[in-house]
Structure formats: C-alpha cells, structure tokens
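Dropping the structures in below, format is structure tokens.
Shared between the two complexes below is chain A, which pairs with chain B and chain C, respectively.
Right, the complex of A and B next:
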C-alpha cells in the first residue's frame, strides 16, 4: 500500500513538474486520459451477475513530455475493480508503463517500456489493446538504426508485461529491412518497388519440471532458448501489390501446444490489384504450431511474442461479429478473396451518384494432422495443403448507394458457417444467414440520423437442458438509431432481440458529448454476453445490465 | 473535472509534430513522420482505419470538397491508417478505389497522402487512443493548432474553418 502511495505522489510530482516546465525547458507536455465505469445488477435471463462493489472502474492517464528529438512518458493505470470481462489480476493501480526515448533521423533509442513490430508481426509484435485488456509491452531496450536511406535495422531485448508483473522469459530480437529502390541506384526510378526484410527473435527461459506424456515419471528436456525467424518480400508494381512473409520457429514445447517438440511454421501471402473504382485481393495463410509465448507454462491471451491475425473480413455490425473467428495459433489454413467495384455515376447501375458493390469470401480449416504422440514427442505430422476440421466460412455481398444528396444506403447479405471448436467448445457447425440495412440521413446542416436494422437466422440453438448454453444462438433481430446534433451531441437507442430461443432482449440507450478531443458518453441498458474481438484476438465479455460511462480526452 | 480536461486540451496547442516516427507508404517504403509537411502551408492529418465507419464517412465527405479546399487554402491532407496486420493489406485497395490516393488518372486534381501506422506508434506519440477518427490541423511551422476526436456530419466545415483561420 505504501508503495502505491509513493508511486501516486511520484506521478503527481512528475505531472506538475513537467507541466510547470512547459515552455521553460522548451518542451511540450501532452497526454491522454480515459475513464470507463460500469454498474451492473443481476439479470438471470441474460446471465448478468450482480456487482457487489456497485461500481467498476478502469482509468488510465498517459503523460508524454517531448523536447525536440527527446521524449519521456509514463502511464498510470487503475482498475478499482476492473470492468466485467477484464482479468481480475488487473485489480490495483500504479505506473504501468514508463520510458525515455531519443528519436533522430539515423537512430532511435528507447529505454523502458516499448511497443514494436517486425514485419507483419508473425514473429514479434509488442502492442497494446486497451479494450481487450491486453498489453504485452516489453520492458527493456529498443534501438533502431537507419545507417543509409532505405535500410532499417532494429534490435531489442526485454521482458513482457503480464498484468502488474513481468514474464520470466527474456525476449531478444533483431530485424533488418531494405528498400531496394533507395539502396540500388539503377532501381531508383523504377516503377517496380521492392522491400526485403528478415527478422530473428529468441526467447530464453529457465529450466522447469514438466512430466513427459509417455512416461510420467520422467521429465521433459526443455529447450532454454527458442528461436524464430522470418523473411518477407513486398513487391509493388503499378496497380499490383504482393506482400508475403514466411516464418519458422524452433522446438518450443509449451502449454498451448501441449508440450510437443514439432517446429512451428507460418506463411502469409497477399496479392492485390487496385485502381480507381476497382480493387481485388486474394490472401492465403498457413499456420502450423506458431503460438509463441515468452513464458512456456502460460495459457491465455497474455505473453504472446508474436501476432497472428484472423484472415476473414473484419466487420463492425453486431450481427456479423456475433460469431467472430479466433485465430488458431496451433494450426489453420485460410483463404480470403475480395472484389470491390464502383459503377460510375451516370451509368445504368451507377445512377446519379455511383454504386459500390463488394463481394467477399473467406474459408478457414484446421490442419490435416496425424497424431504421433503427446507431450515430449513431435506431437503430430501434417501436410501443407491438407484440410482438417472446418472452422469458418463466410461469403458476403455489400451494396452501398448514395440515393440523394442526403441519403446513403448500405445493404449486406452474408452467409456464414461457424465452428464453436475455435473457442474451445464442442465441435459443430452453425449456419447463419445475415441481412443488414444501414441508412445515413443528413437531415439538414445540423442534424443527421443513422439507422441500422439487422437480422440473423441461425440453426444454432440455445437449450440449457440439452447442454446447449451458447446465448448467441438462435434467430436475432437488431435495431439501432443514432441522432447527431451538430458536431457535439449524439443520442442513440438500440435493441438486440433473440426472438425465438428466449436468450433475451437487450435494449440500451446512450448519449454522448464531444468537445475538441474530449468525449463523454453515458449509456444504460443490457449488454449481450459474447466475445469482444479485435484483429482475431478475443476476450470474453460477460452479460451486464446497468449504467456505463466513458470519459476520454487528449491534450 | 470536465472543465479541467478542457483547459488541458488548450495546454498542448503549439506542440510540434513528432518527426522521427517510422511510417509506411502505400508502396511499402519506410518513411519518417517528418515527411508530413507542406512547404510552410497548413496540413491536415486524419487518423483512420478501413474498419472504422465514421472514418470512411469523413474521408468520403471531404473527398467531395478536397479539390476546392486545396485550391482555396493550399492545404495538404495526410491520412494515416492504423489498420494492423489483419487489415493493413486492404488500405491500398480502399484508398485507390475511393479516389483518395493518386493512381495517375485525372478524376480529381488533388489527392490525400496515405501513410500506414500499423503498430500505432505515431498515433501513440500523438496521444490518440484506439478509436479513430482523430483529426489534426498543423500550421506551417509544424505545430499542432487544433485537434478533434470523432466525426459527426458537419465536422468537415469546422475543420476547413480552422485551416482558413491559419491564413488570416
């Protein structure tokens, strides 16, 4: 407790100190503050539990001091107690993040906490997602060198944050990226742009005692150092783009792969063509045992060194994200394709303002594996292109049409197949049909209205007596209306209703006010239990029923 | 409390734009944030993402007026995508299809400059949370003179008014 008070007064000192120093030392103080609160009371129909402390509160403040190439910052976080769905290990408060940094043309150095990414993140991505309650910042040293134009070299070492502590594993990384058009003179005027990159990450962890599956009396001989390497190539030629990255990981027995010794492997290829009015892309992904954590005995969402995003399209509509796909880091093969076309204005389908049509489809399967043993063995064998369990498929058609100067309509139809096995549940396959209508109406200069209507028909069922406990199951109707008044105020009301399985009715209202960078939002209503997902990483959010508020500002 | 926060908002006006942060161009090149400048004329920076509805609405709305804005004020708009590895590959297609980036056709006279900030390093340096859109007006000296969170229809009129104020 004493420790916390000390930290608090240190924070107060620093904040007032640097704020006072603004102008005097020629630097600037900037920052941002966010407060999220929640009150919830029991509701057995939707499965919301009572909150005995009445109020749950997440708060954070980032303070950044910048003076020329130099900057220093810290973040204070408080979870008293954490919002529903956040891990209880966040309970507490203190300075969670601090750093000093020097960033100039040829060199950048950061000491303290930092975020970083090599390539697309397949072997290393330190990042934060405040809504998922996920922060794998590294505490250590991060250096970036740009010795000549077109060459970037990064080197880092550190330990990862896990709630209010740090993982025992030590993470070291080195990455180089060359922009060939800047480095190779004859290519400097070429229409062909090429970027080549390569990275290496190694983690070190002390020995520990894990029993072997074959002989529980014997212990696994665990590798103390585990390496992962990746190469990537990016080609850009006029309207065409190719992005690709291939990664390999050495033997890395861990809790998430059940302590098997099979090396990991991943490939991501993205091809696209785009010009005015048309874009087309095809993306393929292969993942085989690529979960890479800095602490081998940790399950859960924390302590990942790398980042493997989901390959399917990211929607924002509630019905389309009801069953979100979660990346299977232990193995998957996925494909996504999209074509978007604009019918020009003045044509038959384009009408007066033009019409946008987007077709998207994706499909994801598990690997076709043959088991060869348990902990302490290779685990399984798998072929590259073999398909195992079907995890997810979706296909959608989206039409966006400006009807008049004031009205814009978007309509979506999506067919979706979802296997709950990706969330660790009993395998099965839900078949969902989803229709979305979205209308923006700019009433006049000061007022605008936004309507959304969504329907989902699903063969999934909610029947607790039969052991079917997924409250997202069944058929749904959803409605949403938002009224914007000027550029400051908005009022909204929404409802989500499971109309034949009795999993509930979720009405809610909200009001918000924005002034400059300050935003206050207050809501009241019921929140559906579900998975909150950002980029294929998900966090379960329990049902809640009551008041929520959020205040944020940056300065 | 709100009053305090708003006073705080004023405090940082005049802060310089960070120059040493690495960003990526649509053709895959690394550049530093010092490329965000306009030879002494005003700059608008808009943080967005392909999955962000209000961002798309804002950028489409401004697109319809952007040629006029540039002719009138000389402003240059940089749109910085915070799409991460999941959706970053979509940015180029969206920008080219929408007429936001220059593809060599002559449908518009002026285009946005598109940059990628996949791990939100630049966004973090500018104290933006995770919720785009967030818009800045930068004066000819590279100082932040105005910023706004979120987008509601009509906000584009306030934005260009701030740019006009710089020219007075």
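Right, the complex of A and C next:
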C-alpha cells in the first residue's frame, strides 16, 4: 500500500511536471519582419549626394511569445548603414528591445523595454515610430494596477533608449486614471461620463557644468530632479465630448530651452460634437517651455520624455505635406476647428450616394515673449493669450463623393501660410494654394485604378544665388497613378515637378506584390528633400535618386 | 492597506521628484578662470604620429585641418614626431622627436605613418584618416563625464598653469592629468604625396614636451560625481627654439587603468 502510494505520488509529480512543461512549451509565437533598402547616386540637380556604400539597409524583426497571462518579446534591429535621413548613430545591429510581461485582471508588470503614455502624452510618452527613426523606449520596470474596476494606476521607472545606448537620466512616473461612472455609484447610469486623471513624472540626472551666459566664470546650479505633473478631465455627454489636460513642469534648464529656469506649462482642450452625418470640433493648445528630455544636454529628436500633440490636420497628400508644421516645444498657441457634414443620399448635393464635406482650419503662433536673459536666468516672460510670431495657418475644404458604384472622387482645396522659422530657418511666410483631386476607379472585380493630381502655387522661391535654398519652394504639379491587379500586384508611377520658381523633377515608379501577410515593393526614382512629419514630430528626408525596396511579413 | 501604500508611494515620488532653485542661486562660481566657458563640452583628442619623411602624412594633415575647421576648439590635436625611419629629420632641419613622444608611439605599437588615435582608444587610424572625422563627431556629441579647463600665463621662460577638473559622473580606477606643450607654425622640410619634398611645409600642433610625467600625474580625487579639483603647475622652457607665442598647453584627463582620455582642454599661453 505504501509502495503504491509512493508510485502514485511519483506519477503525479511526473504528470504535473509534464503538464508544467506543456504549460511552458505551449503558448504561441507571433512576429513580423521588415527589410527596407535603398540605393542612391549623386544628382546635383535635386541635391542628392552619393552613397559610398551603395546600399543602405534598415531591418527589424519583432518576435512575441505569448502564453496565457505571460508574454515575452524581443526585437532585432540592423542598420547597415541606416537609410538616408536616419541618424548615423543607428549604425549597427543587435537586440534593441526585449521584455517579459505578466498581465492579469488586476495587475500588469513589464520588465525590460516598454512603451507607455500618461494621458495625451504631455508629461510622458515613450513610443516608437519606425518611419521617423524614433524610439524613446524605456528600459526598466512598468507596473499597472487596477485595484478596483474603474481605477488604473501606473508606476514606472527606467532609462530611455538613445540609438544603441541609454540616456543617463532616470525617469520615474506615476499616473492614476479614474472612470468616475464606475467608481461613483450615483453616476453609474448617468448619461454624463467622466474620466479624471493625474500623473507625475520626475527625471533625475547627475550634475554637470554648464557655463552661465551672463558670467562665463560661473556655472549653472542645475536641478538634478525635474518634475512634471498633469491633470486631465474627459467628459462625454450625449453627442458632446470634452477632452482637457493641463501640464506643468518644474525648472528644467536644458539645451533645447537654452538653459533657462522658467517653469513650463501646457494646456490642451478639445471640444467636439458628433451625431450621424454631422461632426464639429474645436481644439486649443498652449505650450510654454514644455520640452522635457531625460538628458538635459541632448538636442535632436531623441530622449524626449513627453510628446506635445500636433494641433493642425494631418494630411497624407504630397503637396499638403510639403511644408509640414513642426510642433514648437519651446512655445506656441494654436487653435483648430473642423466641421464635417454628410449631405444625404437623394438630396441635391448628396446625389445618389451622398456627399461628405469637411471644412478645417488651424492657426498657430509663437508666444508673445519679453526676453529677460539667457542661460542661467528665467529666460523670458510671456502672457498666456499673447500672440508672437506667426508660424502656421491652414484652411481646407474637402469634398468626398461617390460618383458611381465604381468611382469615388475626393477633392481638396487648401490655403496655407508657413513660416520656415519652425524648422529653424530664417523667418518668413510662404503663402501656398493647393488643389488635390483623388479618384478611385474600381474597373472590375480584379482591377482598380487610383489617380491623384495635385497643384501647389506658392510665393516661395528657389534662388540659391540669393540664398534661397529651400528645394520645396516654387509652384508644383504632381501626378500619381496606381494600377492594382487582383489582391497581389500593383504598379504605380508618379511625378513631382517644380514648374515655376522651383527646381527639380521627381519621377518615380514602383511595383508591389502581396501574398498573404508578405509584401514586397520595389521602386525606382527621385525623392525630393524635405521633412517627414508624423504628429508634429519630424525627421529630415534628404534627396535621393535610385532604387528602393521593402519587404515585410508577419506570422 | 493597498490605498495607503499607493498614497505613500505617490507622496514619496512627489517629494523626491522636483528640485527648486531660487533665482539667487541659479549660478555659482565655477573656478577655472575664463577658460571654464564651455568646459562642459566633450572635446575629442587626436594624437597623430607623423614624420618629415612620411609622404602620406600631409594627407592626414588635410583631413585633420578640415576636421578642425568643422569642429573648432572641440577638437584638440597633438602631432607626435615618430622616433625612427620616416620620423628622422632631414639634414639641417629641426629635430622634433621627444622622449615622451617615443614612449607614446612604443605604447601604441606604431609601425607605419601616418597613424592616429582618438581619445587613446583602441582603434588606429592610418592613411588619409577620412573615417576619423565621423568618429570625432561621435565623441563630441557624447555627454562629457568630466569638465577640464586650463589657463596658462608666461613670465619670461616660466609658465604657470592652472587646471580645473570637475567630475560629472563617478569615475573609478584612478585618474591622471597629462600636460603637454605643443607648438604651431613650425616651418621645415616635409615629404609630400607627389614625391617632391616641400621645404616650407608648416607643421602645427607639434609636441615639444610633456610637462607632467609621460602618462600624466595622478590626481588625488575619489572619482565621485561633483568632485572639483584645481591644480597648479609651473614649467620652465629650456629649449630656446620654442616660440611661446605659437605654443599651446594641452591638458588630458585620463583613466589610469587604460590611459583612455575622458576629456581634454587646450589654451594659448598669455
């Protein structure tokens, strides 16, 4: 009997061991792989420089293992050498990102690299955008608690990635968000839905010696701990929504604000109304010295702890993104409004299928400041609603109309005012008129065609003899045609031509093949120099002339 | 209980998370005299081994001159006359070889000219050294671990030197400070890439002497972030060919363990 009991115990151990092993060996692995390559040769007309290594490659592979509440992942990255426009400090290869994570109903824990955002990101947003070459991942520990339904508390600490290294600054953060309708019983059935949140982020950085502007023999007494706090309130009531967030940052002398001690603050308010067929929104933004980096001496796009969302409409058309707005972290006041209306089917303007009309306008100014000194002072004074330098204005009318079962037309007119000062260039104001026509034609079940025609008239000029070297300047015509064949193939051709007061003709062709989750695209042509911006965050795109290819797959 | 822990954690973070400095304390005396300005910069140090009979050395000079033009005073160069072979002077020309320079070249195992090292790292640059420029830029863009400032004044043939060192990061393993005297605008015969020597080639940044020990003097610092040390040195010029108005004092802050340079500074002699 005793022996039988021992045998059963041993068997139970083995079975539980096997079950445990199956538990560990179970789960599933997913991932995606992307490879982008570029070959370019010198072209003095468009300003493309020779690529001595002939081939530039960006590659990445994300692997994610998931097993119940547990997951682990890693990302291999290789930049041999980085594509044009990506920072040369990316050159290299290796495991750039790894983590293990446990996620249950009441708690989530991630150790390793992680991305996180508090509210709209005005005090913390660790994120990655592969197209911008931007990765602000934190390496450390991230814990999320949900002690009761409706309450989420996040706590984190870590150091930020900077290319293949990590910034010296230590980032600590705490955020709480309460869904008041879940937490307060009398509100549980209310039409009024409120979410209240608050966050605090602190960065610690070691002492360093920064000379004072007023007295070179003196150095700045730097705050080693810099804090930023934000409160936010979101309200939904019927068709109405209000999203608001106010953030304040302590003294943070840094390279991007020229080492001044003025505290920072930011306010973002977004009101919107939406019902079937009609929506309207009004957004306001105030930023004053809110650039927040984990390394005070670091310029450039990396190591930002926070993110200040763009307020102007984000377009995808080439002419409308020729002069993109770059968020001014040191200070701006902005306003955006949009009304979208759908003319119903069967009405005069709606026709057979209905018509969508969107009117959008935004305007952004710098702060109205009075300088009080340079490094080692308060820097400046500024009034809340005062308007300084005019940075950007746009107003657009967009009409989308289904003409028939096979034809859909989108037409846009946009007026733009753009100040190159937002890119650190000599201040001025370009006035641009832009017209876009976009036609989708589903020829039959297997074939479709996509046409785009764009025109931009601008008072900007390209005249290098006069010091005007912006190759985006002048009047432009742009055309694009894409032929899709079944679900696998597409062929496209495009051209951008500066026909007046500008320079350059940028033809290109591309072919792509998609099979399941795998997509291969090969292109050849000229790329205009400019800025690639996503959400007000930008990277320069140098001119190029040559072959590009991209391969991506997921599993 | 959970709520208490959360509240306490939040309070602890809030209290620890933000330093406030009153306007009267925005700045503090830094020492280091006028050269403390920009002492927080991470400067790059290049020691270039050269010789008057080295035909390719002028190519390296072109590269480093262009780098100087690009990076300004963030790049500090010392040209070291190699002790043998192509380093031997042409007849009737000055001999710029030094005992310290010989020791340095032996330490690095220099076997061909030109050759250079950046911040006394492990990579040797040879030929025209075009790849050194991007590496210099990387060094300059790094956050400095220490600030170094140097001031020098001369009275007759005596030079008084003051060096300020301030550590930003913890630096373990001991530190040393090397002071070197370099001279610009030395005109003497140099082999050129086309084979014809140039009788009037201008040599700059030439090492004339090492004021401290060959590998520097130990700095009595614990290596803690925030530590600040001022050192005073005096030096008597014994070589009458040296023109002090063309000279610089170069200060190198190095790790004792591997002799790598942490930061450096350079000054004219007033």
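Just so we're on the same page, the second predicted complex is superposed on the first by the 530 of 555 C-alpha atoms of A that agree within 3 Å, B and C clash if a C-alpha of one lies under 4 Å from a C-alpha of the other, contacts with A are read in each partner's own complex, and residues count from 1 in each chain.
We adopt the following convention: a residue touches a chain if its C-beta (ideal position, glycine included) is under 8 Å from a C-beta of that chain, and two chains touch if they have at least 3 such contacts.
Model, not experiment: these values are computed from the prediction.
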{"item": "Overlay on chain A: chain C relative to chain B, clash or fit", "value": "fit"}
{"item": "Which of chain B and chain C A:310 touches, first, second, both or neither", "value": "first"}
{"item": "Which of chain B and chain C A:226 touches, first, second, both or neither", "value": "second"}
{"item": "Partner chain in contact with A:518 - chain B first, chain C second, else both or neither", "value": "first"}
{"item": "Contact breadth on chain A, by residue count: chain C or chain B", "value": "B"}
{"item": "Contacts of A:70 with chain B and chain C, given as first, second, both or neither", "value": "neither"}
{"item": "Contacts of A:168 with chain B and chain C, given as first, second, both or neither", "value": "second"}
{"item": "Which of chain B and chain C A:384 touches, first, second, both or neither", "value": "neither"}
{"item": "Touched partner set for A:32, first chain B, second chain C, both or neither", "value": "first"}
{"item": "First (chain B), second (chain C), both or neither touched by A:413", "value": "neither"}
{"item": "Distance of closest approach, chain C and chain B, by C-alpha atoms in Å", "value": "20"}
{"item": "In the complex with chain A, residue positions of chain B that touch it", "value": "1-2, 5-6, 8-12, 14-16, 18-22, 26-30, 32, 34, 50-53, 57, 84-90, 92-94, 96-97, 99, 103, 105, 107, 118-121, 124-130, 134, 147-150, 152-155, 158"}
{"item": "Complex interface listing, chain A residues touching chain B", "value": "19, 22, 28-34, 62, 64, 66, 69, 71, 103-105, 108, 115-117, 120-121, 125, 127, 129-131, 144, 152, 177, 179, 181-182, 193, 195, 234, 236, 239, 241, 243, 270, 272, 274-281, 283, 307, 309-310, 314-316, 338, 340, 342, 440, 442, 445-446, 448, 484, 486-488, 490, 514-520, 535-536, 551-555"}
{"item": "In the complex with chain C, residue positions of chain A that touch it", "value": "88-89, 145, 147, 153, 155, 168, 172, 174, 176, 200-202, 206-212, 214-227, 250-251, 261, 295, 297-298, 376-378"}
{"item": "Contacting residues of chain C [partner chain A, same complex]", "value": "2-3, 6, 9-10, 13-14, 16-21, 23, 25-34, 36-40, 134, 138, 141, 143-144, 147, 166, 168-169, 225-226"}
